[in-house]
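Encoded as structure tokens, the structure appears first; notes follow it.
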Amino acid sequence: MTRVAVLGAKGYTALEVIKILLRHPGVEICATVDLEESNRIDAVHPSLCGRFSLPIENLTPQEVAERAECVFSCLPHAASATVIPKILAGGAKVVDFSADYRLNSPEVFKKWYEIDHPDATRLGNVPYGMPELFREQIIPAPLVANPGCYPTTAILPLTPLLRAKLIEPDDIILDAKSGISGAGRKLNFNTHYPECNESISAYSVGKHRHLPEINQYLSLAAGVSMEVIFTPHLTPMDRGILTTAYVRPTQSISQAELLDALRDFYQNEPFVQIVEHLPATKDVAMTNCCHITARVVGGRVMTIAVIDNLIKGASGSAVQNFNLMFGYDETLALL
Amino acid sequence: MTRVAVLGAKGYTALEVIKILLRHPGVEICATVDLEESNRIDAVHPSLCGRFSLPIENLTPQEVAERAECVFSCLPHAASATVIPKILAGGAKVVDFSADYRLNSPEVFKKWYEIDHPDATRLGNVPYGMPELFREQIIPAPLVANPGCYPTTAILPLTPLLRAKLIEPDDIILDAKSGISGAGRKLNFNTHYPECNESISAYSVGKHRHLPEINQYLSLAAGVSMEVIFTPHLTPMDRGILTTAYVRPTQSISQAELLDALRDFYQNEPFVQIVEHLPATKDVAMTNCCHITARVVGGRVMTIAVIDNLIKGASGSAVQNFNLMFGYDETLALL
Amino acid sequence: MTRVAVLGAKGYTALEVIKILLRHPGVEICATVDLEESNRIDAVHPSLCGRFSLPIENLTPQEVAERAECVFSCLPHAASATVIPKILAGGAKVVDFSADYRLNSPEVFKKWYEIDHPDATRLGNVPYGMPELFREQIIPAPLVANPGCYPTTAILPLTPLLRAKLIEPDDIILDAKSGISGAGRKLNFNTHYPECNESISAYSVGKHRHLPEINQYLSLAAGVSMEVIFTPHLTPMDRGILTTAYVRPTQSISQAELLDALRDFYQNEPFVQIVEHLPATKDVAMTNCCHITARVVGGRVMTIAVIDNLIKGASGSAVQNFNLMFGYDETLALL
Amino acid sequence: MTRVAVLGAKGYTALEVIKILLRHPGVEICATVDLEESNRIDAVHPSLCGRFSLPIENLTPQEVAERAECVFSCLPHAASATVIPKILAGGAKVVDFSADYRLNSPEVFKKWYEIDHPDATRLGNVPYGMPELFREQIIPAPLVANPGCYPTTAILPLTPLLRAKLIEPDDIILDAKSGISGAGRKLNFNTHYPECNESISAYSVGKHRHLPEINQYLSLAAGVSMEVIFTPHLTPMDRGILTTAYVRPTQSISQAELLDALRDFYQNEPFVQIVEHLPATKDVAMTNCCHITARVVGGRVMTIAVIDNLIKGASGSAVQNFNLMFGYDETLALL
């Protein structure tokens, strides 16, 4: 049995990771940690009533590291990178849900997050927790940077096409639509029900914080530095992201060739399915799957990818990474 | 042209009353007032862009009364009764959306709202703004207490049956389901989208503040003091209230007789429709109508009433009252 | 490994039972059966893509019984009781999702379903698949009648109170609110999105087909023949039922005593939680749990129970019954 | 008083046009016409109960033309162009909601609608009912082709920029998101609530029938033949379209310059608002307004436009056209 702790236990991704881990035969959740709360975890998350109960504790990083072998940090950015060095020093491994270790450059981090990085020396040495692309680096890592939800729907469909030089890196438009749970548990006027229900709107146009993460990993796939256009939209539903990508082929290509290239790349991946039909976010709701299709329209290539933002876009990927880091079957608790 | 002002202009009922009044040929909105806001009204409510724009001003009650002939007060309880006496003293009439002048007894007010009433001497002399029942009192009144949304769905269907002694006053159960806009514009965990979307729950069981208002007006209809059981439920939709009432007939009665009694009572009312089918809240969304039906089931009488909580349950009724108070056709701007 | 088949594989409850069984370590799904469809199951249900694929076959009952040890019949009423005798004769066990074997009397069946029962002699000898009440009868049974979704939310909260004579059997009002998946996969104007979204309405008032099933099992609990008033409401959400029950105590009783009585009754049940707070359907969405609370209001007792209509109200209970019938841990695949 | 008839009276756009016309002081609705229905209009549309009632009649085009001065044809494509010539011959004017008279070329019509046009000789001589662009042609016309919902959100924001040569015509991507009422009243698996609720998906990628209409009118604005990429998405909400356009500037341009160009173009238009903020579909729900903004991102120009698909995208525009054709104030019944 692997003892795990969950930090930032009041949030939605924490709840999801707890629900997944309750199905994991090799895991014992030994601590739920949050700064502000001394209630029980099933009082904060009533969906856990009768299924799981621990007090929410305000533990130091040292205490967490003593109690747990693996820590899922669902803390917000900056907060996460403040405690993680101490947890690692205490001997526990960490899957970090925040953006803190996703970017390689402290300067880029500072530009987008407007603070100095609390643990800058580690940047560039932390594997990005997308097993389909970085499995070998994740397996031995003490710390993994779990990907953002939007980036997952951009990097998974486009990496195979960029690596194979089937599409141009310099003209990529990502039009993304996300359910509202992606905004988290914190109250906000934009996620007040009477404001966002029955309405769709774009937000953070040209300046969403997931943009540098997308650029970094697509640049890696393309072999050249590149920048995309990325527009997120708030969609009136709990869960799901659908990202429609408009890219330019390097040469004439058919839909069948595109689908074949994607299928070849992901043929052994349990959580990426290349589909012929146009996928809906509901097809992958409550699963760790990403469904991808491709089309050729008006001389352009389009890819459409769907995930559950809280599972494949957060807590499911986190458990997938945990399974790799601790030698479990990668799909355990995730099918 | 009648000059009107709207107090508490940032809220949802204020927005609705403004949108209705923009269609009113006899009204000029001359002031939008709120304590905390100096922005323009169409910046706070973007649905007004290009349709209506005034600065939101922090005016004194005296200033409001100087500028406007009628004031729609969308302030919360207690705040409303603090400024209304000064507005009335200044010579303007008032339609009050709060609960402050709905109850006849300062003691009952204090029991339910946990403060001393700021203007207790007026209680009992302010007509309840339900024109279908109190039209004659509303017409000459300087101040009208606009009904609560839930009470509207209880009092309209049951008053005719109680007055005609067709149902017993001592065994009334009201199971009500409301859309989420009823909770207002203030952020609250219960109305955070990921919490309340795709979910229904009861709240304030046995202690909702609309209960004394329901009891007072049903007692008046019955001619005896009575108390109902009232359970509100938060339903995942923007607008609408459906109230299912379970009552006991005084003697054997048929569905046809019930519908006839209701039809007779409301035959000349433009905004109350007695229907044969089972009404849905969508049938009355965005309208000032109340649809009511009745059934006889298992020896009990059931009534089902639906309204739009922001229109017939608030801003539409307010304009209906305004029309009566200022001599306009009662349906102006409301059809 | 137990070989199972799913009949009526195109429906929503079939999809849910397949998704649950994919997590069951003791089960191999060996056939997905439907009359009208020759497509693959993951083409009909795209959420199964990459997770499970079988052709949908049009098998005879005999073929089904040869291939499978347990059959989940998600066929509609009457169709189910036509094939089940042949499947049982072929040696397989059956969990029946339809209403066909829930009622004890062929006359009552005919009154409510307006046809002669195709297998009337079995009626009265088939255990009702609610393990919390009928576990001992389910374990050895070759055929189990899986409960209806609404009845689950009526029978679980009220049975303990009726058995203990804490409430009167002759004055029970059930006001139920269900998500729209309960209406199934068949197209219908009432479940057309623009009709039912953002709207709540009552339906089948006084004549829903779950009524005789509720009456039968509450009568059994009370020890006297009784009839309830039951009003279902169509609520704009995918999943979930919340049932508010208004009953009359036999003597003065407190909320604490009610909750204690319920807790005592269900203390060893893994899927029934008695909670202090007012539960929401979201608390139990995607789980096999039923959360129940109780209140005393205006001299009446209220119970509020919530389930996921497709899980505890259908497919989850079915797997719970299967686990009992085949000697697996009752909670396997359900936590 | 102008006598009007509504054809295809059972549909959603017919209901909306009736509701708008009920507020129009110059209109008497004298006939509601549908082939298959002999019920009253308020039985088909319960939201009309107590507000408007006529029998739905199966009238010939000649009878319609005798009774009405203006006909709103909400018939589907091909059906509309079959009856309209006879109505025009009978002396009534027509606003056609279908696509039948929007395209100038019978060949293009045949390619996209797969039938020979029933009234091909009129094509090219029917003004497109977008008053902001074609007001002078609409005023004297006996027949107006009311625009499609999606085209409205493409043509309004891009026409000013194309006419001013601020953007290139050969690289336009339109990513559109529509509420589900756009699919109409006809039952369809894609609009079955449990399928489309809580889900977003693309559909008709590269082949939606609104594409030739968009191409025709943007080509007209650009002065060259051009083709766009257009991807519609089905969004879980009743009403609203948001279209995000990605285009390429002809030269370096700022956001302020873009907004100024749009403001100048639409400065006298009552129903087009150029806004600084990012608009949401809810801002224009239930109104005849189109809110537009623009951004410069990554060297590209983006426009975002929102409308209510049933009002500005259908029935509101239709009444706006009617007002022009019959000499009423253009905004009558629409504010």
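A few notes on this one:
Chains here go by letter, A, B, C and D, matching the order in which they are written, and residues are numbered from 1 within each.
Just so it is clear, a contact is a pair of C-beta atoms (placed from the backbone, for glycine too) under 8 Å apart; a residue touches a chain by one contact, two chains touch by 3 or more.
Just so we're clear, the structure is a prediction, and the values are computed from it rather than from any experiment.
When chain centres are defined as mean Cα coordinates, C lies farthest from subunit D. Looking at C-D and A-D side by side, the one with more C-beta contacts is A-D.
Mean C-alpha position of subunit A lies 40 Å from that of subunit D. If each chain is reduced to the centroid of its CA atoms, subunit C and subunit D end up 46 Å from each other.
Residues of subunit C in contact with two or more other chains: 197-198, 236-238, 279-280, 282-283, 285. Taken as a contact graph, with one node per protein chain and an edge wherever two chains touch, the assembly is complete, since every chain touches every other chain. Of all residues in subunit D, those touching subunit A in their complex are 173, 175, 177, 179, 195, 197-203, 205-206, 227-229, 231, 233, 235-240, 242, 244, 246, 278-283, 285, 295, 297-298, 300, 302, 304, 306.
Per the touch definition, subunit C reaches subunit D in the complex via residues 12, 180-181, 183, 185, 187-189, 191-194, 196-198, 236-238.
Touching subunit C in their complex are the following residues of subunit A: 22-23, 46-47, 49-51, 198, 270-273, 275, 277, 279-280, 282-287, 289, 291, 335.
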